[in-house]
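Here come two complexes built around subunit A, the first alongside subunit B, the second alongside subunit C.
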Partner chain A sequence: MASNPPYVHTSGSVTRDMSLVVAALIPAIAVQIWQFGWGVAVNVSVALVVALATEALMLRLRRRPVGVFLGDGSAVVTALLLAICLPPLVPWWLPAVGAALALSLGKHLYGGLGYNIFNPAMAGYVILLIAFPPEMTAWLPPMALREFHFGLGDHLLFAFAGQLPSGLDIDAITMATPLDHLQNSLSAGGTVSEIMTQPAFGGYGGPGWGMVNAMLLLGGLALLATRVISWHVPVGLLGALAVMAGLFHGLEPDRFAGAGFHVFTF
Partner chain B sequence: MSSTYGSIVRNGFWDNNPGLVQLLGLCPLLAVTTNVVNGLGLGLATVAVLVLSNITVSLIRSLVPQEVRIPVFVLVIASFVTAVELTMNAFFHDLYKILGIFIPLIVTNCVIIGRAEAFASKNRFRFALADGLAMGFGFTAVLVLLGGMRELLGQGTLLAQAHLMFGEAARGMTLHVFENYRGFLLAILPPGAFLGMGLLIALKNSIDGRLAARAARARRAEKVEGGAEASA
Partner chain C sequence: MVATTRKLHHFHGGVHMPGHKEASTRLPVAAAGVPERIVIALQQHIGAPAEPVVKVGDRVLKGQMIGRAGGYVSAPVHASSSGTVTAIEPLPVPHPSGLTIPCVVIETDGEDRWVDLQPLEEYSEADVDLLRARIRDAGIVGLGGAAFPTAVKLTPPADAAIDTLIINGAECEPYITCDDMLMRERPEEVIQGVAIMRRILGVRECVVGLEDNKPEAFRALQAAAAGTGIEVVQVPTIYPTGGEKQLIKVLTGKEVPSRGIPAQIGIVCQNVATAAAVYRSVRHGEPLISRIVTVTGGAVREPRNLDTLIGTPMEHLLGRCDPHLTPEDKLIMGGPMMGIPLRDGSLPTVKATNCLLAATPGDQPNQGQTMPCIRCGECTRVCPVNLLPQQMYWHARAREFDKIQDYNLFDCIECGCCSYVCPSHIPLVQYYRFAKTEIWDQEREKKKADLARRRHEFKQMRIEREKREKAERHKAAAARATAKTSAGKAGAEAATDADKQAAIQAAMERARAKREAAARAEAEPKKTANDADA
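On to the complex of A and B.
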């Protein structure tokens, strides 16, 4: 089997690893759609389309074989990771801008797959957070806390036309994530035990949020079992978070939330 | 002589551009270019200082002993910066307040001491004047370009607050390029300056690469033609 150089070595194992990462994300994405609504699916779809288009464009500009690298699945993983970090009710251009900049600035300007010093999805997330703070911090509440109906049609209408069903107001139906909410309430003078009795909390990470994180943990364990990832980084990160949160919670339980809350919320 | 002036201008605007090639004066370049007017304001202030210091350094170059030339240049530059600062404070007070510390900081702009040392101290008055103008406006062009990119992306306008520089009559000069633009805050914030500058340098390198490739092709074609003629 002789062929001409240059050879592309990576695609086989990269494709396998990326497919497994996508598979490991599916339960979490399904639960997130169930808990936070169809907006999650809209974000995922927009991010996927734009990420693949940007990947193809950048590969073309860099004169790399588009088909080979587009099929390795890495752009799909970036799109999914970015989309599930976004609030469920945002205009369509938010995931689009995020995915385009994640792939172009976060990945290909550094030399493409394997040369990027930051995780492209997280680079895209940070860019969005810096550029559009109001859109990025207003979350639709999970199912259990909703007093209104918000279907697929409503999500599509908001994402692509900016229209809300009559009688609903964006500031009234969105809220901060539990972590943001806790921080704001703490700086307003509340104590952790008081704040934790509010409906946004409860269970580990709050209704909805805790469930999504449990599914992500499950996916992570599956990736460990299939040896796609090694244990060092997740154990280091989550362990450090849990140890520090537990330590401070033990010292001053009124000012610092416990380890379980910190690990399971966002 | 015209070729000398031509190469001075070419150096200032392209081949040896203080912003894109020498990467001098990056601190004010990145900090004030949140819009076109700020960039233009700082650029023109830099042009004034650079031209005046280049002329003065060139005129006194035979009087200044080699050993103390740097302190003398710094003193000359500091005097002109102070003069420009006071002038701006008097006539463009609002713009002066916006540009703030970056006006007095022109004194530390490496472009100015760099041109004094590398060019003005070794060249005649009229070349030093041309070099000051070319380098100054080359720097201003980058400031305006980067300011324009960041203003357009960041808030969808061009020449916002033009009245600070051109007087009340210029209020209408502001172009609202995109109507109802949401704004891309990142472009206005410091990361936008670094990203924009990186993209501008990349664009210049890419253009240079294309020009070099085209020149090489033209040379090859000439050679082949010449060879064909010789064999015929």
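On to the complex of A and C.
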């Protein structure tokens, strides 16, 4: 019990904040699984297991109370953030390596919870992107654009054994994300309005992708409402993105996509 | 009745929290009675301690002065009941440091006999200086918690044009209801006291502010204030509205400058209980020997407010409220946000004792493990002074006391909002207190070092001067000798041996005296330097 004032406290805790962040991510993860398949769930599971194991190992090496810090929920948040950024069809070691490096290099080498200068999940993501570009840029198309069935078994088989169902080829069934796709098509000489008529686009951010981002927006609003976050960073980031995209789109609509597309795609 | 059309303002941050005030307002204020032993601390105010004017064995009467003010910023203390002085010695008092303070111990005789009081019927026409003198002699200090001598506060500096008197009845801290009950039961005393202070300060605008969780007190005060021109205003309930600077902001929209006092913006702020004490001292001549104390918390079955003689042991108060303390419970003087932990119930009440909180673990919810700062910024959002608690925390941890002052550490009012909301349960206020104490220590050390340096420099200067003077004396003597020689060689011839002997003797005497003086100076550099300073 506190021997100095104040002797009272809100029900707030690090664990509560992290749990709310996890809760705010759940709708987006569910929609992502629905739209992009069980591979997302496989990535989330692998990342979770490896993240928690790495966290425990690092805490032990640093002689910190393992139970207390494992219970704060921050490793879970890192695992989820990393997993949902990964393409849905990747070998198991990709989320594993990403999670392990996120927790060890991105977090504990800086001093652990609260002392990391980069977001550990994003540090892990950047490491993966630099180290394994082909794996990191090949996305399964969202449900609406898919011409083949890909079940949980197929995902597990690919993730852990590297095998695709017979007759399917990895290059044939994957595609770039809309953002990548737009960039490639623009370099090839297309105009934004032409490119946007392709099936990977449409609506806000393209089918599937836009929906996931809408769910993330919802989660963000929930975090604002529960005062886990303040509006300054998200409004600053998304606002700057929207203003810059809108400005350039207004100046040269053929070369630059609009604000709505940029904010809602990935 | 004055219409409450005053435009209210907001201060930054603050927190809403459970009030826990109902429990102690169900019963009317009762007299706590006369304990067998009363311990009056000679310092229960900001400023110089009082000097005892009684000795062991003296019989004292209730209201008799037993310690006179030890300076301008000081206050006298009085016996709160009649009896015999049995000891004058340092004893533990409620203070965060746990230090002992010289106290006068009185064995009461149970008669509770007053000294002759000098009432003042026509106080509303009395001379302002007389009013101030009565307040000063009554030992009245701010009863809101800071215990600053009231007469000093009612004598603002000549260059401060005071135009507003604000009376603080906000009582924002959870559990505490002593001001609430005072306003409900003795609203006339409060209003009369306010009127006296208004007259002393010569101000027109006079506002009593209280939080809107005290509707009974509000109605009572409004009725009492009818026709006086004193405005009674309800302000939103948000902690820490009862902070002097926060209430001033809410009521006037003005901000007290950093590290400044309200007088700088033409405002004097006094607490409602202080106002009532002012009235009793001026009208009835009663010194400040009692106050209302809230006794509450989960460890008493009958929480209530008690009219308490200053110096009554805490356990005497507890005993009046059906206590059931267990080893897990904690005694706190004050509220759960800023209260001082008491090591046991034997400590005496002081003028600043507004509440005795017998807190069960249930009264201290959500105690958690301290975790690293996750930079969520919640502390910054709630800080009522608009400071950056997180930055101050890092600098306090790193002992960067210059940098922490750049973040205006000394404007921190230690309200505890930042600690209250910190998800990592970091005891932030303790870090700030630590930093303040360290800085004060460093300043003291620096002053000491400066003094030592000045002393050393003075000594060097003195040695130089003595050398110079000696050289000049030698030169003068040589010149005289030359003059003498040329003046009368013949006469000089006749200089007797006796003369010569006398001169040698005198020179030796001088040399010895000088040696001794030098030795003394070495042995007592302090004295020499002090004399020089003086």
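What to note about this one:
The criterion applied here is as follows: the second predicted complex is superposed on the first by the 254 of 266 C-alpha atoms of A that agree within 3 Å, B and C clash if a C-alpha of one lies under 4 Å from a C-alpha of the other, contacts with A are read in each partner's own complex, and residues count from 1 in each chain.
Here is the rule we use: contacts are C-beta pairs under 8 Å (C-beta built on N, C-alpha and C of every residue); 3 or more make two chains touch, one makes a residue touch a chain.
Please read these numbers as outputs of a predicted model, since none were measured by experiment.
By the touch criterion defined above, A:57 lies against neither subunit B nor subunit C after alignment on the C-alpha atoms of chain A. Of the two partner chains, subunit B is the only one touched by A:127; subunit C is not. When the two complexes are overlaid on their common chain A, residue A:105 makes contact with subunit B while staying clear of subunit C. In the superposed three-chain model, the partner touching more residues of subunit A is C, compared with the other of subunit B and subunit C. With both structures placed on the common chain, the touch criterion links A:72 to subunit C but leaves subunit B unconnected. Taken together, the two complexes place no residue of subunit A in contact with both subunit B and subunit C.
The touching residues of subunit B, counted against subunit A in their complex, run 182, 184-187, 189, 191, 195. Touching subunit B in their complex are the following residues of subunit A: 93, 97, 105, 127, 130-133.
Listing the residues of subunit C that touch subunit A in their complex gives 15, 17, 96, 174, 328, 330, 332, 334, 336-341, 359, 361, 363-369, 371-378, 381, 416, 419-425, 427, 429-430. Across the complex, subunit C is touched by residues 1-14, 16-17, 68-69, 72, 74, 111-115, 227-228, 230 of subunit A.
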